[in-house]
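Both complexes shown next keep subunit A, but they swap its partner, so subunit B is in the first and subunit C is in the second.
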Partner chain A sequence: MKSAPTLSSAFLKPAGESLPQPLLALRKERGKALVDMPLPTRKTENWKYSSRHLKLSDELANSLPAGGATTDAAAGGYRIVIRNGVVDASTSVLPQVEGLSVQRFADLTDEDAAELARSLDSTLDTRATQMARLNSARFEDGLLIRLKPDTVVDQPLFVIHEVTATAAGSAFPRIYVDAGRHSGMTLVEEFLSSGDESAMVDAVTEFTLADGARITGVRLVAEGQNIQHIGATGVRQLRSSRFESHCVGFGGPLRRHDLRVRLEGEGAECKLNGVVVTQDKQHYDNHTCIDHMVPNCNSEETYRNIAADESHAVFNGRIHIHKDAQKSNANMNNKNLLLSTGAEIDTKPELEIYADDVKCAHGATIGQLDDTSLFYLVSRGIARREASVLLTMAFINELVAQIPVEQVRNSANERLNQFFDDAFREA
Partner chain B sequence: MATTDKEVKELIKREYEHGFVTEIEADTFEPGLNEDVIRRLSAIKQEPEFMLEWRLKAYRRWLEMEEPDWAHVGYPKIDYNSISYYSAPKRKEDMPQSLDEVDPELLKTYEKLGIPLHEREKLAGVAVDAVFDSVSVATTFKEPLAKAGVIFCSISEAVRDYPELVQKYLGSVVPAGDNFFAGLNAAAFSDGTFVYVPKGVRCPMELSTYFRINAANTGQFERTLIIADEGSYVSYLEGCTAPMRDENQLHAAVVELVAMDDAQIKYSTVQNWYPGDEEGKGGIFNFVTKRGTCLGRNSKISWTQVETGSAVTWKYPSCILRGDNSVGEFYSVALTNNYQQADTGTKMIHLGKNTSSTIISKGISAGRSSNAYRGLVKFQPGAEGARNFTQCDSLLIGDQCGAHTFPYIESRNKSAIVEHEATTSKVSDEQMFLCRQRGIDPEQAVSMIVNGFCKEVFKELPMEFAVEAGKLLEVSLEGSVG
Partner chain C sequence: MLSIKNLHASVEGKEILKGINLEIKAGEVHAIMGPNGSGKSTLSQVLAGNEAFEVTEGEVTLNGQNLLELETEDRALEGIFLAFQYPVEIPGVSNLQFLRTAVNAARQHQGQAEMNAAEFMKLAKEVSKQVDLDPAFLKRGVNEGFSGGEKKRNEIMQALLLQPKLAILDETDSGLDIDALKVVSDGVNALRAEDRAILMVTHYQRLLDYIVPDYVHVLAGGRIIKSGGRELALELEERGYGWLGIKDEEAAAN
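== the complex of A and B ==
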C-alpha cells in the first residue's frame, strides 16, 4: 500500500524567538509531536470531504513577514490588529477597562507565560484538529485576554486578523481568553487579507469561561481567494456560564473551522450559529462538536449553508452526551441550499449519547428554493431574480440578524449582497 | 419509580431459546483458509471453472485488504485461520431428493425453530430454503414455484444448473473487492439462496430462508442472489439462529438484489443470532454486506430488518437507485441489550432521475449495549428531482447504554431534496405512569411502549414475521428496565 503523505519538515521550523521561554518550550514540544504527521486524506474521517482542497507546498511553510499595509477594517470600538500572526501595537486601540487585561504573548512575564503554556490547547481535541495543531508549534505571537471576576466590557473588542500575502507563506495567529466569574465580553474576530500570493492562515482561539461568565464570539471569515484558512476555536464552560458563537464565512480555496465546546459545569449553555456562502469553485467546511460532560446543560446549534456554481460546502456537527450527563438538552439544525447542480453540499449531523434522560434532536435538509414561495412572489409582480434573492436572503437572514454587533452585521450584509448579485447573475 | 424499577429488574430473564446444539455428524474442514481449501470447497460443490477462478481472484484480493475499523464497535481481533470454512451435515448418499430423505434430526431442529419446513404445513404458504451451517439442506415448494417459472434453489445448485445467470449477476452488485468481509465471503461462500423471478411474474408465495450455525468453530458465509426480471414481484424473508457457545462465531454474508424495469423486491430479515450471555461472553459477529440495485425504470427495492441478535452487528442494507423513478426503502428496528453492539444503517445512492428513498430507523438500546445508526444518502448530479426522507429515532432504556447517529448526506444536484430528522428519548415516566395506573404491569408497559415506537417498521413486515418480531422484542427486553 502507498503510504500517506506526511507533513513536510519545512513546516516545523518556527520563526520569532522573542516569546518568553515557557512558550518557546511549548512550541518545541508540540512541534516534536508533529514530525511525520500524516496529512489528511479522503480516508481521514474528519477531512473526508475537504482533504482534496488542502494544498500544502514547502513555500507555504515560510513565515509571512510582519509589517505591511493596513486594511481599513471596521472602525470604532476597541481594536487590535494581528498582522501575519503578530500583534501590531501601533494600529491597535486598546480598551482601558478596569479588570480587563490584554497582553501580547511576547510581553508576558515568565510566570504568566508558564501558566499560559499549561492552559494552551486544553480546550481543543487535538486528535480531531490535526491541522490546527500546527498553530501550537508555530505561533510567533498571540493575545492573552484576561477578565477579572465581575468585569463586563462595555463594547465589543475587535481583533482584525490581517494577512499581507506579498509572498507565499503562512500566519499563525493565536488568542487565549480567560474569563473570570460573572465576567462578560464580546470578541469579534475578522479575517481579512491583502496581496495576491498564495498563503495560509492557521488560527486558533481558545476561551475558558468560569462560573457565570457570558462570552460572545463573533467570527467573520472573508479572506481573499489566494488564502487557505484553517481555524480552530475551543471553549470550556464552567457552571452556569453562557457562550454564544456567530460565524459568518465566505468561501475560498480552502476554508475550515473546527469549533468545539465542552460544557463542564452544570447549568452551562451554548448557542452556536453559523452561516456559510460559497460560489465559483470555493470551499467551506465547518466542523462543530459539543460535549455535554455534566448534567443539566443546554446547547443549541443552527447552521445554514448556501452553495452556488461549482462550490463545495461541508457541515459536520457532533453532539456528544457523556455518561451521567442526564437532563441534557441538545438541539442541532442544519439547512442547506444548493443553488446549482455543479455544486456539492455534504452534511453529517452526528449524535453520540451515553445517558438516557436526555432530549436530543437534530435535523438536516438539503434542497432548493421552494417553487411555491417563488411563484407567490412572482405572481405579485416581483421579478424572478429579485424573488430568488429575497428568498435566499430570508434563508440566512434569521441568523445574520442575531449577530449582536451592528458593524459586523452591516459588513456581513454588504458582502452577502455582493454574493447574491453574483450567484443570481444569470437567473 | 423506584418500586417499578425494582420490580422490573426482578422480572424473569428468559434465556435465548434457540440456543440448543443439534447432535449431527458433520463433515467439517479443518480450520484455516488458503487456496487449497477454496479448491476443495469448489470441488465438493462441483462448481464450474469460472466459479473457482472467481473465488481465487477474490481470495487473492482479500489477502491485500484490511479489516475495517471505522464502525462504532469493539471486538477482539478475529483469527481468520482458526475458523473452519466448511461444515455440512454428513450424508450417506447424494443430495436428498425429497424431505423424507432429510435427516430427521435436522427436521427436528427446524421444528424447534418453528419453521414451516414441511410441505404439509401448506397453510403457512411460505416456501423455505433452510441453510444449516454451510449447506442448504432442504428447499420446499419447488414444484408450484417452478410452475410459475420462479427459480428458487440453493446457490450451489444455481451455479451448476443456471451458470449463465449466476455468472452474469454474481458480484454485479457487491463486487468481490467491495470490502473486507464481502471479499472473504466471495472467496469462501459455502452456500446460500438463489432466486430468479421471470418477466411479469408475481411470485405466488413468500420465499424464505432460514440460516443456522450449528457446528462449533465454524463461520457461516452464505450468499444470496435475487433477480427480479421486468415487471415481476417477489417477497423474501430471512431468519437466523445459532446455538449458545462461549466463543464468538463469525457470520459474513453477502446479499445481492437486482431489480429490472417495473420489478419489485421486498426483503425482510429477522436476525436473531445468539447475542452472547449477560456478561457479553460469546455470540455471533454479524458482518454482512447487503445491497440491491434498481437497474430498471420504476423498480423498487424495500429492505425491512429487525435486528435483535448478534454480539456485534455490522450491516448496511443499501440501494443503488440507477433506474429513473426507482424507489428504495429501508425500515429497521435494531435492539441491543446487555453487551451487544450494533452499527447498522443503510446507503441510498441516487443516480437516476426522480428516484426516491425513505429511511425509517428505530434503535433501542438497553443494558450496557451500544447502538449506532450509520447511513449515507447521496445524490449524484444526474439525480434530477430525487427525494429522500430519513427519520432515525433512538430509545434508551437504562443509563449504561449508548445510542449514536452518524448520517452522511451528500448532494450534488440542486433539484434533489433531502430531509433528515433524528431524535433520542427514553421511555418516559409519564408513559409508564399512564400504563401502570391502568393496571398494566411494568414489563408489559415497556413492551407496549417499545412496540408503539417500532410500529412504523413492523407494519412493513409480512404478517408471520411481524408477530415473531414483536415477540422477539419482548424476549430481548426482559430484565432490561431499571
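== the complex of A and C ==
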C-alpha cells in the first residue's frame, strides 16, 4: 500500500533569523510539530475538493527573497507593503495615530515578543487549518497591530501583500491585531503578485477583539495565475464586540481561505461577506466557521460564488452553536451562479447546534442566469452579452456595494469588469 | 408596417399558433381578443423573439424586413416593443441603469450620441411623471417589489422612452384597478402616432373603452376567426365568446 504523502522536510527550513528570540523559538517548536505531517488528500474532508490543486514541489520550499518593485495597489492613507512576507519599510507609511501601535515582529522587545508568541495561533483551529500551520513554522517577519482602549483609527490601514515571483518559492506573511476595549479600525489586506515563476503564499491574520471593539477586515485576493494562495484568518471576540469581514476573491490555480470566528463574549456579533469569481480552470475554496460559544451573539454570513468556463468554486460554511449559547442568532446565506456547463460549484452548510433556544437560518442555492430575466433585458434592445453582464453583476452588486472602503470597491469593480469581459467573450 | 402570413408556432412540440394572418399599418391600433389558451400571449412572445417558442411555418415582416431572422435584441432595435403581461423582477439591476442601457442601445443603433447619466435622469423623471410613477422607483431594482399596477406603468414608461414602431401590449390591463387603468391608458394613448402601430392583446373589453382600437380580431384555437371594428368587442362583451362557437376556458371553469 502506498503511504500517504507527507510534507517535505525542505519546507521546514525557515529563513530570516532577525526575529526576537521568543518568536524564533515558537517557529522552531511549530516546525517540529509538522515533521512528517500528512498532506491533505481527497479523503481529507476539509480539503476534499482542493487537495489535487495543492502542488508542493520542493522548489516552493524556498523563501522568496525580499526586494522587487511594487505593483499597483488600491491603497490610500496608511499603507504598509509586505513583500514576500517581509515588511518593506521604504515603501510603507506607518500611521502615526495616538493609541495605535504598528510594529514589525523584528522590532519587538523580547518581552513583547514573548507575549505575542503566547498569543499567535490562539484564534485558529489548528486541526482545521493544517496548511496554515506552516506559516507559524516559517514566518520571517510580521505586523503586530495594537489598539489601546477607545482608540478609533480615522482611516483604513492598507496592507499590501505582494509576492514577487521572479524565482520559485513561498512567502509567509503574518499579522496579529490586538484590539483594546471599544477600539475600532479597518484593516485592508490586498494580495497581489508580480513575476511568472510558480510561487505560494501562506498568509495568516489573527484578530482579538476586547469588549466593545469594532473591527472591519477587508480582503482582496487577486494574485497571478502562477500563485497558489493559502490563507487563514482567525478572530476571537469578547463581549459586545463587532467584527465585519468583506472578502473579494479572484480565482487561481489554488485559492484557499479559512475564516474562523469565535464569539466568546455575550452580545458579540459578526458579519461575514464574501464574493468569489472564477474562470478558465481556476479553483477557489472558502471554508468558514463561526463558533457561538456564549449566549446572545449574532452572526450573519453572505457568500456568493460565480464560476465560469471550467472553473471550480467551493463554499463550506460551518456554524457551531455550543450548548450554553442560548438565544444565538445565526444567519447564513450562500448563492452560487454557474456561467457554463463545464463549471462546478460545491457548497456545504454545516450546522451543529447544541443549544435549544436559538434562531439559526441557512440557505444555499446553485443556479444559472435566468432565461426569463435575460429575455426581458434583450427584448429592450440590450445586447445579450451586456444583459448577461448586468444579470451577473446583479448577483453580487449588493455585497460589493457593502465594502466600506471606496478604493477597494473601485478596484474590485474594475477587476470584476475584466472578469465579465473574459467570461462573456464571444465564443 | 407589420405583416404576418400563415404563422405557425409551437412550444415544447405543441402547436399553439396554427396559421395567423394579420396586416397592421402605421398609425393603426389593433386589438386581439380571445379566450384563455387561444394563443394571444404566444403571438406576442413570438413577435418579440422569445426563443422558448419555435416558429414552424409562415413569415413575419416589419416594414418589409424579415423579422423572424432577427435576434430578440435586433428586433427591439428595429422598433418592436413588448409590454410584458408579467414584467420580470430583477433585483440588483437598478431600474435607472436598465432604462438608460436600453435607451442608449437604441440611440446608438440610430446613430445618435448616448445620453449621459444626468441627461437621462432628467428625461426619465419627466416620463415617470407621465405614467404617475414616483421617480424614487428609478433607483430600485427593475420591478423589484413593485405592485402589479406599478409594473404595468413601468412597462408603458419603457415604451414611452424607447418610442417603438410597433408596441405590443400583452394583457396590459390585467391586475389593474380603474385608476391605474386610466393612467396606463393615457400612457398608451400618448404613444399613438402616425408612424407607430399598436397591437393590444386582451381578454376583456374593458381596456378598449380607454384605448379605442381601429380593428378588433378574435383569436381562438391558434387562428384569427373573426375580424371587425370596435363594435366587435362590444358584441363580444355582450354575448361572450360562446356566440362564436368557441369555449372560453375561464368561463367554463367558472
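In the analysis below, the second predicted complex is superposed on the first by the 424 of 427 C-alpha atoms of A that agree within 3 Å, B and C clash if a C-alpha of one lies under 4 Å from a C-alpha of the other, contacts with A are read in each partner's own complex, and residues count from 1 in each chain.
In the analysis below, a contact is a pair of C-beta atoms (placed from the backbone, for glycine too) under 8 Å apart; a residue touches a chain by one contact, two chains touch by 3 or more.
What you are looking at is a predicted structure, and each value in this text was computed from that prediction instead of being measured.
When both complexes are overlaid on chain A, the residue A:393 reaches subunit C alone and has no touch with subunit B.
More residues of subunit A are in touch with B than with the other of subunit B and subunit C. With both structures placed on the common chain, the touch criterion links A:372 to subunit C but leaves subunit B unconnected.
Legend: residue contacts after superposition of the two complexes on their common chain; A:362 is shown touching subunit B, with no touch to subunit C. When both complexes are overlaid on chain A, the residue A:384 reaches subunit C alone and has no touch with subunit B. Of the two partner chains placed around the shared chain by superposition, neither subunit B nor subunit C is touched by A:409. Within the superposed three-chain model, A:281 lies out of touch with both subunit B and subunit C [touch as defined at top]. Of the two partner chains, subunit B is the only one that A:350 touches; subunit C does not reach it. Comparing the two complexes, no residue of subunit A contacts subunit B in one case and subunit C in the other. Against subunit C, in their complex, subunit A makes its touches with residues 370-373, 375-384, 386-387, 390-391, 393-398. Against subunit B, in their complex, subunit A makes its touches with residues 1, 45, 49, 323-324, 326, 336, 338-368. Every residue of subunit C that touches subunit A in the complex is listed here, in rising order: 48-52, 71-73, 75-77, 81-82, 84, 87-88, 90-93, 97-98, 101-102, 105-106, 109, 141-142, 158, 162.
Against subunit A, the residues of subunit B that register as touching in their complex are 64, 70, 379, 381, 394, 396-426.
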